[in-house]
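Please find the structures below.
Each of the next two complexes has subunit A plus one more chain, namely subunit B in the first and subunit C in the second.
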Partner chain A sequence: MGYTLNFNLIWRHFDKLWGGLLLSLELAVISIAIGIVIGLLLAVWYVSAGRVVRSIIAAYVEFIRNVPLILLVYLVFYGLPTVVDIAYSAQTSFIATLSLYSGAYLVEVFRSGLEAVPRGQIDAGKAIGLTPWQRLLHVRLPTMLRITLPALSNTFLSLFKDTSVASVISVPELTYGAQWINFNTFRIVEVYLVVTAMYLFTGYALLYALRLVERRFRAAH
Partner chain B sequence: MLGQIAYALPFLAQGFAVTLWVSLLVVVLSLVAGVMMGVGLVYGPAPLRWAVRIFSDTIRGIPILVLIFFVYYGLPAVGIHLESFWAAVLALTLFKTAQVIEYLRGAVGSIPKGQSEAAMAIGLTFRQRLAYVIFPQAFRRFLPPWINGVTDAVKGSALVSLLGITDLMHAINQVIGRTYEAMPLYILGAVIYFAVNYALSLASRRLERRFSFIRE
Partner chain C sequence: MSVTPPANPALLDVSEVSKSFGSVEVLRSVSLQVTRGEVVTVIGPSGSGKTTLLRCVNFLESYDSGSIRIDGKEVGFRETGTRQRRSERDLAKMRAETGMVFQSFNLFPHLTAAGNIMLGLRKVRGKSNTEARAIAEHWLGRVGLAHKADSLPAELSGGQQQRVGIARAVAMEPKILLLDEITSALDPELVGEVLEVVRSLAEDGMTMLMVTHEMAFARDASSRIVFMADGGVSAVGPPAEMLAAEFDNERLRSFLARFRASHF
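For the complex of A and B:
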């Protein structure tokens, strides 16, 4: 028995997929932006902090990295409002989750980046009389960002894929769009073929663009 | 509240067993498939190399969730009927295989070319070169990231709950559906996943340190 491909119904509902793709990108961009702030603050704090603060930050990082994202999504959306008096939409809840999630990965990225800044640069900063704050702002952070740029783009790409988990709390991103079309038209193979192509094309286009940016800012050794 | 959760513990333990079973199957199957395809990627003829490259880049370019739905809903349409359990295992194995391919490529690629050439010079066949020269050295590079990557299989296995398979994640959601104790149960689930994965990543770190005496 053959299965005849019929893409007509997919094109008729393509707005669901296109809108979903844009929302996926939006979720990834907002989450990584917040994640970068979390990651930077905690990484800078970590390298200058005492043992207690270090353990707390490490606990946050290890906790997030070792728990499935889907569980964190459920925990923040269904669990948290039962104990704290807050209400938020599924989308806000997912952005909060993915930001905390990316933040944990980025603390590690930035921390190892800060440690990779050559000692000589920091000494040179001292020698020309920069204060510790100036050394951080003008010497350590810019060099660290150059070093971590590839890891940063990889994190962004995997966040883009991770946005598919938002479908489990009915955020209408790309995977949710695929499921909607799947359940309403039963053009299963077609919709997943199209959605796979959309994820692949967007992902690799982003990868290419980010590699260009990396080349522009490559750390000189 | 605690009574209800204690009452649910055997059910959660069953779910946890399914989580471990899925993870174990995925890890073993993907190791076999990934090492074979990885060898194909490094040493195979051009068409095989391209095929493996396209496979790996495609799988790694799409979300695991999409892969799971694609396999689960898509296969029956082309006449292949798998139980949801095996569809989930297949999808996760595909995802993990792509990772193993890249670990293997990285590990084998880190062995200096001279090793292969020297092995060739003393007349070893291709299989002997792999078995006695390349793999023993590449193994140390392969093992730590691979063990660390097992956590991805365990975390990814939580997605099979969406196909109605009663793994730990699904068991937790079912207990919440009956007891309405969302927060304690999600935290309990997080602690269980954390314990398994953290142990794996500690093991990976220890191995990495143990192998770090090897000079490049």
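For the complex of A and C:
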């Protein structure tokens, strides 16, 4: 029995994949942006807070890290609206989930980054009379960002791949587009080959761009 | 027309300061006065509390008892008699009155040489960007680095970084400059350029309290030398007397003997 590859049907529906790819990127960018805000706020709060706040933040991080993303997606999309009276689109729900998800990972990244700022720099900030807030803003955060930039790029890359989970709640991103073409044309091998290539290529392009940014940032600092 | 200075113009007055890290007593009732324009050098074996003393003066370290006053004002504690730590805001204000230069330079790596100097001028002294830049350039010129204003710390040699560190501290016009073993992390051939800067500041009348292992420099540049041992002040005096072989302090003599043996 021979299976002849036929990509014609894929190209006919390529707009589904192209639109899906753009949506995947959009989901990843929005989620990491919100995740960075969550991660920064909680990390700064964590390092300056007492035991209670610390254990609450740690509980959030541990919860997210130990529950599969797909379950979190189900919980937020199907679970939450049945308990509390809110309504949102699948896309909004997914962005919220992925933001909380990346936020939890970034709390850890930023927290260890803040703790890795050399003591001497903080002393120098104190010695010229900076207040704690000024030290955070002008001494600790800039150094922390420099330390954490590679980890931040990696988080963004894996987040881009994680957007494929949104297909389970019918968000029309790239993987969902692939499924749609598969169901309607049965060209399963072709469509997943093409989509794999698209993830790979985009991933590499992102990695390359981010490494460039990192290098420029390191040179400039 | 002349104004008579007050009877006891001790700019820095350290009085019976003690401090322990756990069960280890690092400072034992240390008292020390520095008058305006004086250069006082603290010497002593490692672990004798020199650096801790310096770090107490701008309250990078707290202390358990005694008092430290600059210009009559208690540094780290409120003057209510209850020994209550000052608020972080007040501490920041007090610290802005002292300058500190560190053994490991501690420049802000993301800021240029000028940027390092400008940060405190802008955020603490409230200078405009232009004013701060002008002051930074002035001081970079003083330490011989006018051409390095826009270099990042990573692009500078150790000696250059330390000169920026000094410029950053003095640009704030502190009442007293604290120098914590500022040449210890430098390659021997870079020590001279840094000490030259300190010497010129001393000639300008900058009040300084420094910890150093550069005995020759201590002898030439200081008005007084303080010898610390085991967390206490063991001897104080003018450099010529203190460093003379026949000075009447057994511990100082053996410290200097060991020091000479290891350095020559």
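In this text, the second predicted complex is superposed on the first by the 218 of 221 C-alpha atoms of A that agree within 3 Å, B and C clash if a C-alpha of one lies under 4 Å from a C-alpha of the other, contacts with A are read in each partner's own complex, and residues count from 1 in each chain.
To be clear about the criterion, contacts are C-beta pairs under 8 Å (C-beta built on N, C-alpha and C of every residue); 3 or more make two chains touch, one makes a residue touch a chain.
These numbers were taken from a predicted model, which means no experiment stands behind them.
After superposition on subunit A, the partners subunit B and subunit C are seen to fit next to each other with no clash.
Within the superposed three-chain model, A:143 lies in touch with subunit C and out of touch with subunit B [touch as defined at top].
Once chain A of one complex is fitted onto chain A of the other, the partner contacts of A:124 are limited to subunit C, with no touch recorded for subunit B. Judged by the number of subunit A residues each one touches, B leads among subunit B and subunit C.
By the touch criterion defined above, A:212 lies against neither subunit B nor subunit C after alignment on the C-alpha atoms of chain A.
Once chain A of one complex is fitted onto chain A of the other, the partner contacts of A:87 are absent, as it touches neither subunit B nor subunit C. Of the two partner chains placed by superposition, A:52 touches none, neither subunit B nor subunit C.
In the superposed model, A:161 makes contact with subunit B only, not with subunit C.
Fitting both structures onto chain A leaves subunit B and subunit C with a minimum C-alpha separation of 25 Å.
Common to the subunit B and subunit C contact sets on subunit A is no residue at all. Per the touch definition, subunit A reaches subunit C in the complex via residues 118, 120-121, 123-132, 134, 138-139, 142-143, 146, 220-221.
Within the complex, the subunit B residues that touch subunit A are 58, 61-66, 69-70, 73-74, 77-79, 151, 154-159, 161-162, 169, 172-173, 176, 180, 182-183, 186-187, 189-190, 193-194, 197-198, 201. Of all residues in subunit A, those touching subunit B in their complex are 1, 3, 62-63, 65-72, 74-75, 78-80, 82-83, 161-165, 167-168, 175, 178-179, 182, 188-189, 192, 195-196, 199-200, 203-204. Residues 58, 60, 88-89, 91-93, 95-100, 102, 104-110, 119-120, 123-124, 152, 168-169, 172 of subunit C are the ones touching subunit A in the complex.
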